[in-house]
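Please go over the structures that come below.
Shared chain: chain A. Partners: chain B in the first complex, chain C in the second.
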Partner chain A sequence: MIFQGKQKIWSDYQKDIPDDHYFYVRSCIRQNFFPASEQTFLDIVHNRLGKDFYETPHHTTCGGIAYHGEAIPQETVMTIIARQFALMTESGYENYVCSCITSFGLYTETMDDWRNFPELEAKIREDLWKACRREFKVPKYLAHASDVIYKFRNEIAERAKFRLVNKETGEPLRVVEHIGCHYSKMFPSKGIGGAEYPYVLAGMIESWGGEVIDYPERRHCCGFGFRQYLVKANRGYSISNTYKKFESMEPYKPDMIITNCPGCPFFMDRWQYVIAEQTGKTYGENGYGIPVFTYEEVAGLVLGYNPWDLGLQIHQVAVEPLLDKIGIPYDKADKYKGKNGKLLRVPEYPMNIKCC
Partner chain B sequence: MIDFGFALTPSATLQIDNLDNKLFEQLRNIEPDVAKCMACGSCTASCSAGNYTELNLRKVILSLQRGREQDTLNSLKSCMLCGKCNIVCPRGINTRHLILSICKVYNI
Partner chain C sequence: MKENVVIIGGGPSGIEAARRIRNFGYTPILIEKELRLGGHLAQWDRLFPEGVYAKEVLQTLLSDMDGIKWFTDVQILTINRLKDTYVIKLTNGISVQSKAVLITTGFQLFQAEKKEEYGYGIYNHVITNADLERYFQNRKDSRIDDPKVIGFVHCVGSRDEKAGNRQCSKVCCATAVKQACEIKQLYPDATVYCFYMDLRMFGRRYEDMYLEAQQKYGIRFIRGRVSEVSENHEGRLVVKAEDTLFGRPLRLSMDLLVLMSGIVSSHQSQELAKMIKLPVGEDGFFLPQNTILEPCKSQKQGIFFAGACTGPKTIPESLSEARAAAVAINDYFNTMTE
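Right, the complex of A and B next:
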């Protein structure tokens, strides 16, 4: 295909995402923060889109948290990654898809280092062989799970039961998209839209009927920053970053936030509670916060999944006002019911931020 | 209000148009090594006085660069000139001498 003008410029910001046959690795922290997201993702790609996604119980963390927290050296993290690649090779796959943005950044960094320093790759191959007698091929394609949802966003829109539209007014919902820093800022060419125009989430929002909000601190970090949060003495920096972002988006009155990183939805969700408790300020309508979602949760909502099966009761900020706005039905009595209808413990209500 | 053990920090916006760094330029003329500082904080981590007082050389240098010397200069009075920071500086800055030069230029 011959691209010209703006189409040509935009084609430079695209990336190749394979159509099918993926080796999938989960995220260690997402399992705790938003446990239903990955399950929803796999259900969508397996049962709704009919794609071949393979995952193995033998895979481990990528080591990213420890690496960015300066607890383990780069060689260690590379050997962990080499083992993941070995599992992919042994399973007969070439397309590697990870659920975590930190992992995505780390895999990209590692593969780039190996390209530039082949002797380092040789050393890691030797280390891996000594450690567990495994060999690996470098993946042909590396994609983040949000790239896959982005690729099939129109198929999801065709099967959608709900759209990101206010059912009363018919207006599109005003959505803030927040891209994980390690997705587009480390190796911009590896993300859709690069660092300047990241389009992975904006594309989903537009396909599913919402309106993307542009605001001054749109590309600012969520505030996680690894050491900024992990070291308690630095946690003030973490929450101050999030505060800056919310202050910047507040005048644009967003209805919801979509993210593609494990840390971002957690911090943007939980810090709203902490900011409310520390300053009394809330950013949503009528004393509520702005609900923050992972892209899988939004895809699930659009496709008509039960909100409580998506794990939305685990969010700090209440999601019910948004569900009402879109017109998604839910049963209040089921909110804190676990599997087989067993009632889980109901959390206490916070003082300054309204919850349902 | 709940005490979480950490709090929001005020925004540190610097108005470059209003920045008065004449004194810092004067300091840099007599102590060019001050420009080598990468704010790693090794000096602060090794500082005996810093354990018991507000003294933080990393913070002092940053505040001088930003023309906000009033924030930190007084803390230099706690320095005992022991020179431990001198030994650990990865950039090889003669921090002990730098502290004396700061006192001279900023008249403390």
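Right, the complex of A and C next:
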């Protein structure tokens, strides 16, 4: 590996990210998969970084899952997006930030289509007006929320209470970064680092003390792939993809995985349990899995948030061995307690993958 | 007094044209941007189809340079036309005048790092066709370490709209087959794959070379493109491709991958085109007056072309065109004096 070669590519694919004043839209599925991630993001940007992020309860899904699942046509998804843009316009913002990679890809695609086919934009404007009497401005700037954390990664590092370092050995943790397919594979220039060697997560890992692992199936899909999972008969493809990735990364002995997409952490986390049940194989140390995190969770960990406030108890793969490795304190007794301090139900333990 | 003829570009076309123009009784002035004459030929080891050494061809061309003036390590600053004469200012402070200017600025190889998925400049054992020729010349390249499995990727940056080059580079198929056989001569135990779209073996004996590659050297030709390259924990390359004849994806571990960088218009051609306002095609190569009847004449009076500045060509084709350009220039002067 020639590191300077990657640096050259990274320098070619940088993008300007505004300093402040963003209109934020959540993901429709992340709040079910990893419910604390978006809340953590907002807490970091509001209370740690002092940035103006506005969100409205009136926004909806972007329609991406239905679009990529071939349930709705492009004009419909564009009209949904136009409505989101109308909410931004009505709120007085120009910088649009989305939490979801699928949404980011769709917004990028839609804005590109409108640039190339203005008559399509005119039609969507008309459709939106007919549907809900709204008008919109196209965002001046579009970013994915991971772009924002990337931009402020060094500020986060300055405020960090923990680093991605093994407290016993002082060695950097070995981190796999997994980028959502729709981040930059369709429009390489819209992603930090481009499509082949994205830097958005690698930059965070470097700033926070970890070591990035490049492995042969790095670019491969996590396994979600929309119809691979959404069509029940195809789920064998989904788990096969995930299995291929874990087999490929296994020789590098990663300590953790960091992702920036709603589906990726879910599938890479949950399928480890299924692979263990089906084959008896686990990929982490001592019979555990490899913990998979969202970038907000990792930012929260290095900033010293309580792991259970970050929702890490929702993960299938146990995170405690990694917390111990870094030296992040946690109270075992609190793991399954709700915000009100009452014990929630404790999940059953799986057969083959070790859990705490 | 003998008329000057300025020739811009000191590759094989420029050298051969200079010799022929001199034979017609003119004074050729050859201008080369590099430190020595020879162009890409000077950096190549052997030429297809017979495997003639490029060095021998170049030595033959350079063995008869009497009466030819040349400047190396020099660029063109400006070209202006005063009546029927071009005044050319050079970066060495010299100005030359000529009623006829021959452009032989050749080509440059596509920058393989632009095809990011192939990992040139990222992964240690990915090289280009030009790198391999240098290795054949001096046997020194830390990226080539007793390879057991070797791949050649045809059409890197050519016939590729995503790379901005729709044109076929013409000579890469034959070069890949030649290089595959040569590396097999060096490493007889190696397994060698060629990933191709079409094999364009258009020249005499090229098809024989292709058959020999299969029958004598056992090169495995796979019709399909490489989709991505990565590196495994042992430092070997992992190459993903598609075999379109079998209709199945492939994943191979390799020790060396050679990218056949395509031919694109040179920077110098592009600068000259802007300077003299010469039309170029969508592919960036100069557009001659008439591609069939007058391939050596530009659309401007007194400006001529030879070699790969008007599109990819083999060495014999470039040399023939250089001779044709010398005839066209002689005709041009004769017409002026009539």
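We adopt the following convention: the second predicted complex is superposed on the first by the 345 of 356 C-alpha atoms of A that agree within 3 Å, B and C clash if a C-alpha of one lies under 4 Å from a C-alpha of the other, contacts with A are read in each partner's own complex, and residues count from 1 in each chain.
Criterion: a residue touches a chain if its C-beta (ideal position, glycine included) is under 8 Å from a C-beta of that chain, and two chains touch if they have at least 3 such contacts.
For clarity, every value in this text was computed on a predicted model and none was experimentally measured.
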* chain B versus chain C as contact partner of A:A195, first or second or both or neither -> second
* To do: Classify the contacts of A:Y243 with the two partner chains as first (chain B alone), second (chain C alone), both, or neither.
  => first
* Given the touch rule stated above, what does A:G304 touch, chain B (first), chain C (second), both, or neither? -> neither
* To do: State whether A:G287 touches chain B only (first), chain C only (second), both chains, or neither.
  => neither
* Which holds for A:E277: it touches chain B only (first), chain C only (second), both, or neither? -> first
* In the superposed arrangement, which partner chain does A:G327 touch: chain B (first), chain C (second), both, or neither? -> neither
* To do: Show which residues of chain A both chain B and chain C reach, each in its own complex.
  => none
* **Footprint of chain C on chain A - complex, ascending** => 1-2, 5-6, 8-9, 194-197, 214-219, 251-252
* Structure fact -> Residue set of chain C touching chain A in the complex reads 113, 116-117, 119, 121-124, 228, 230-233, 238
* Asked: Contact residues on chain A for chain B in the complex?
  -> 232-233, 235-237, 239-240, 243-244, 274-275, 277-279, 351
* To do: Note which residues of chain B are touching chain A in the complex, please.
  => 1-2, 4-9, 11
